[in-house]
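Below: a set of structures, written as structure tokens.
Shared between the two complexes below is chain A, which has chain B as its partner in the first and chain C in the second.
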Partner chain A sequence: MSLRVENLTVYYQTLKGDVRALERATFSIADGEIMGLAGESGCGKTTLGHSLVRLAPPMRFVEGRVTLDGEELPIWDTERMNDFRFKKISIIPQYAMNAMNPTRKIGRMAAELLRSRRVDFRAKLPELRSRLDLVNLSHDVLNMYPIELSGGMKQRMVMVLSTLLNPSLLIADEITSALDVSSQKAVAEMLVAFRDQGCCKSVMVITHDISILYQIADTILIMYAGQLAEKAATATIIHSPRHPYTRLLISSLPKVGVKQSERRLTGIPGSPPLLLDPPIGCRFRERCPVAFDRCTEVPPFTEIDRDHFVACWKAFEEHARA
Partner chain B sequence: MSRYFGRKLLVYSLTFFLAVTIDWMIPRFMPGDPVQTMLSRGMLHAEGLEVMYGYYTKAFGLDVPVWKQYLNFWNALFHGDFGTSVYLFPQPVIKVIMRAVPYDILLLLPAILLSWFAGNKFGALAARSRWLDNTVSPLGYILTATPYMWLGILLSWVFAIVLDIFPIAGAYSFAMTPHLSWAFVGSVLKHWFLPFVSLFLVKFGGWAIGMRNMIIYELEADYSHYLEALGAPRRLVRKYAFRNAILPQITGLSLDLGVIVAGALVTEVVFSYPGIGYLILQAIQNQDYFLIQGCFLFIIMGVLLANFAIDIAYVIVDPRTRLGMVGEGA
Partner chain C sequence: MLELEGISKVYRVGTFGGKELHAVSNVSFDIEDGEVVSLIGESGSGKTTIGKMILRLTPITSGMIRFNGVDISTLKGAALKKYCCDVQGVFQDPFCSYNPIFKADRIFGIVRHEFFPGLTGAQWSAKVEGALRAVGLNPPDVLNKFPHQLSGGQLQRFLIARALLLDIKLLVADEIISMLDASTRMDVLNLLADLKPRGLSILFITHDLSLGYYISERAVILYRGCVVEMGSTEKIYSNPLHPYTRLLMASVPRLDKKWEEVEAGLRVRAAGLPGGCVYYDRCPITDQAGCCDSRRPALVEAESGHLVACSQVTGQ
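What follows is the complex of A and B.
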């Protein structure tokens, strides 16, 4: 078991009070697993990803335990986490376009970064070069400034930098969002290649684009309003989801072969709750077509089939009947 | 590269031409007549006055039409002739200015450079320490908002009148003539101290505030967060932030250095310090066309040279500007 997260709760401190962005998340990622983390904007997926790497104000650690390869991560301690960052757990940030210092040549920046982590840059150089080949970047980029690269090139460069020390877990935050469709596919495939070549053991892909996950992810974790809704193998999530939110989410995706002029795209009626004062119980309750009395209690995130986790009272009932 | 500098050079030449033209026009728009002012100091009877007036008007070249005066001015300028001072007749303007310039450099160069270094240092430190931020920043805001002459007057009142440690006016003791001796150098330093401190303090405040804000901005930039996410030690993150935060400060420094020969006008007036600033005031009060022109010409050249120097420096320190040299419209 590569990553294990138990009861992780992270709030945002604001003047109006705590925003409950992540509530009692419990899940795990296996070695070699590419897990997609999906949900709409503001559902807490980025909060989850970032809290594992750099939990800094306004984020506030409330409770929970995170273990990576059997070692507990001190995610509440920004200083102590430094030993794990980059080496054990790394991130490709959402802002990859601006992630590199504009006034340093990329190679020099990489050297300074590695040296600051007590890694011999010269020894790593052949590895770095072969990784550049892997993402189709010329070795010359090391002698360039970030402004000399295109958006897609910067994205790939940051991918190489972030994974240079072969972390156990790589968090890829919205890495395809800023790219056009053809680059999206290329970058997504490179991520799989990175995993296959052992540049990183497991990957957490944060995105709101389920179609990308369908192509590369082994499992998908769906979040809604700060709570985990469902986690299962990709095919299961796409073809036989159990949580009502997942069902509505999947059914609202456009389908191949259907002319949208004949059949309008449907969405999920209503909008997500504000997390400053979220509803008690299941947070999807108000928009859920099958909600009933029991939903005022928080449904536990339970394994109903092998590797299929759901947090929904209705799904539990259906499962018990089946 | 050569195209970039060629274009820059063209812009600077054009600016120089326009600025010098305005410089020539401004004193001539002033009401009054410089020759009359000069002659009124001597007690002459009407007849003699008329003769003298005719002679001096011709001597200064003010008897020809204005457009011809303008052409003559450019012609003389290209021959390195700045004209003759009316107020200090018959000394040439260039000699008067050259006598004042060392005092300006002596006063402003240390004030500008030291305040820049100290301001950047303290500003950067203030950005990372709450204790310093609560002391240096408010002090910086107060200092930078202080008018030079007010601080100058305050300092000279406290240190020259109440405590009587420093002299109140001049560049050296009125009892001395400039010569090389320890006594004279000591006197110069003693006279230099108060104007220097007043300039240093005001400038220091501005630099410290600017640096503090820039560092905070850079530490919140994406590249800083990325370094932190990869576990880079605080030292490296700060180093990068400082390097990028210093860029606007370099621009500010060059602009400050550009006015080095006249950047302390009010301070020099308060302390009667014989630099160009003090000279400008005297020249204006005496309607000395040529001296005013000469002083402003020095300022114009200083500003343009400093700007040109910063254009070159930027190409070296900031790779982003290099893009403009090869890109469209370079």
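What follows is the complex of A and C.
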């Protein structure tokens, strides 16, 4: 059990009160697992990813426990997290295009980064070179400034830097969304290669693009409005989802070979609730086509099949009947 | 209706403009009345530049764009204004298309000031409400709000409504749904398709092939400013011929096939090797989504004492 998150609740502090961006998240990621985290914008997926790395204001830790490889992570304490960051848990940020220092040559920046973690750059250099080969970058990039690289190259360079110390958990936050399809595929496949080569033990891929997850992820976790909705193996989520939100989300995805004149796809009517004062009970209730009285209570995130977790009263009923 | 004839765009780049960048070179295609044409390419392929040239936001280096037979680069004054009434664009980022310090309906006010100074207040608000309803918005919910109070999907519909106010003939839709969430994407896309019966032509610029296939009749595939493949969407999708189109097809993340399967299928087709059914190339009843091209069917007994090797007949 590589990562275990229990009851993690994180709010954003604003002048109007707390924004409940993440409530009672409980899940785990196994060793070598690539977990996809998907949902609409504003559903809290980036909050979840960032809270595991750097929980800084306006984010506020409310409750919860995070253990990585049996060790508890002090995520509420930014200072103490320094010992874990980059070594045990690392992130490829959403804005990887601008993540590198523009005034430093990349090699020098890597050296400074390693020195800050008291690691000898020279000893790591062969490793760094082999990682560059892994992502198809020439060794010359170490002598270049970030501005000399294209978007896809920068993305790959940041991937190499983030995984240099072989972290247990790598969080990849929307790393493919700014790229076009061919580089998307290359970057996604490299992520799998990193896992296979042991550069990182498990990966959490945050994205809104479920079709990318279908290609690379082992399991998918769907979030809605700050709450976990469903987690299961990739094939189960795509082919037999249980939560009504997952069903609607998947049916609204465009597919190759579907024409508007032949088969009309529809989106999900309505919009996600504001999390400043979220509705009580299941937060998907207002948009849900199968909502009923029971939905005013918050459904627990329960395992209904082996490794298949759902938070929906209707799904529980269906499961009990089946 | 709109014809592009050998248009090119050269940007001057480098410190003193000493270098040339050929963003678009010698591109020709046309758009008929009520037709949706998708322009597909990766970033840097010049698709947005073509859209901007059609909208006259950037001058053409060489070539000619004709709208109903008139060269648009010669338009001036009243004729240009008429052209703007006919051709409008909607762009990728709905949040950047608005001035954040003004209310979102200001975009309608500008249209009124510029094109309909004669209308009374009541006539104008009826027109705005009609346009908003046409894009599936409820006017009281969205009028009189600031851009940050509306969602991305609502803002994007606002922009389409603004274009509809002018009774346009051609809409240049430049990546209009790539910034939107999966749940609202399809609604905006359906909205575009529903505008077709009004006689509206759409140039749908995208990098997502599945969206292009969903909405358009014809597709133009661009690579580094050149057209590499063009034709009816179905034909291009079912039988991509250019290696680049094939690469694009293989890279699209899809929900029905994994990348390896798609690649395997294409490799078979590219090499012309009968990795699948040996009769695949000439067979009139191959199954596009099926396995005829990837798996060789085994000899199966169809009726007693009668064997056949065809997965279509045996249903395996």
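Here is the rule we use: the second predicted complex is superposed on the first by the 320 of 322 C-alpha atoms of A that agree within 3 Å, B and C clash if a C-alpha of one lies under 4 Å from a C-alpha of the other, contacts with A are read in each partner's own complex, and residues count from 1 in each chain.
The rule is short, and it goes like this: a residue touches a chain if its C-beta (ideal position, glycine included) is under 8 Å from a C-beta of that chain, and two chains touch if they have at least 3 such contacts.
For clarity, every value in this text was computed on a predicted model and none was experimentally measured.
In the overlay, answer first, second, both or neither for which of chain B and chain C A:83 touches.
In the superposed model, A:83 contacts chain B only, not chain C.
If we overlay the two complexes on their shared chain A, which of chain B and chain C does A:113 touch? Say first, second, both or neither.
So A:113 only meets chain B here.
Per the contact definition in the header, classify A:64: touching chain B only (first), chain C only (second), both, or neither.
After superposition on chain A, A:64 lies in contact with neither partner.
In the overlay, answer first, second, both or neither for which of chain B and chain C A:214 touches.
A:214 sits against chain C, while chain B stays out of touch.
In the overlay, answer first, second, both or neither for which of chain B and chain C A:93 touches.
A:93 contacts chain B only, not chain C.
Is A:41 contacted by the first partner chain B, the second partner chain C, both or neither?
The second partner, chain C, only.
When the two structures are overlaid on chain A, which partner does A:241 contact: first (chain B), second (chain C), both, or neither?
A:241 contacts neither chain B nor chain C.
Just chain B (first), just chain C (second), both, or neither: which does A:255 touch?
In the superposition, A:255 touches chain C alone.
Would you please give the residues of chain A that touch chain B in one complex and also touch chain C in the other complex?
none
In the complex formed with chain B, which residues of chain A make contact?
53-54, 56, 81-87, 90-91, 93, 95, 98-105, 112-113, 116-117, 145, 147-148, 158, 161-162
Across the complex, what residues on chain C touch chain A?
Going through chain C, the ones touching chain A are 42-43, 151-153, 181-187, 189-190, 193, 207-211, 213-215, 233, 237, 247-256, 258-259, 288-289.
Show which residues of chain B lie in contact with chain A when the two form their complex.
Within the complex, chain B contacts chain A at residues 221-223, 225-233, 235-236, 240, 243-244, 247, 317-320, 323.
Okay, in this complex, where on chain A does chain C touch?
Chain A reaches chain C through residues 40-41, 151, 179-185, 188-189, 208-212, 214-215, 238, 248-250, 252-261, 264-268, 271.
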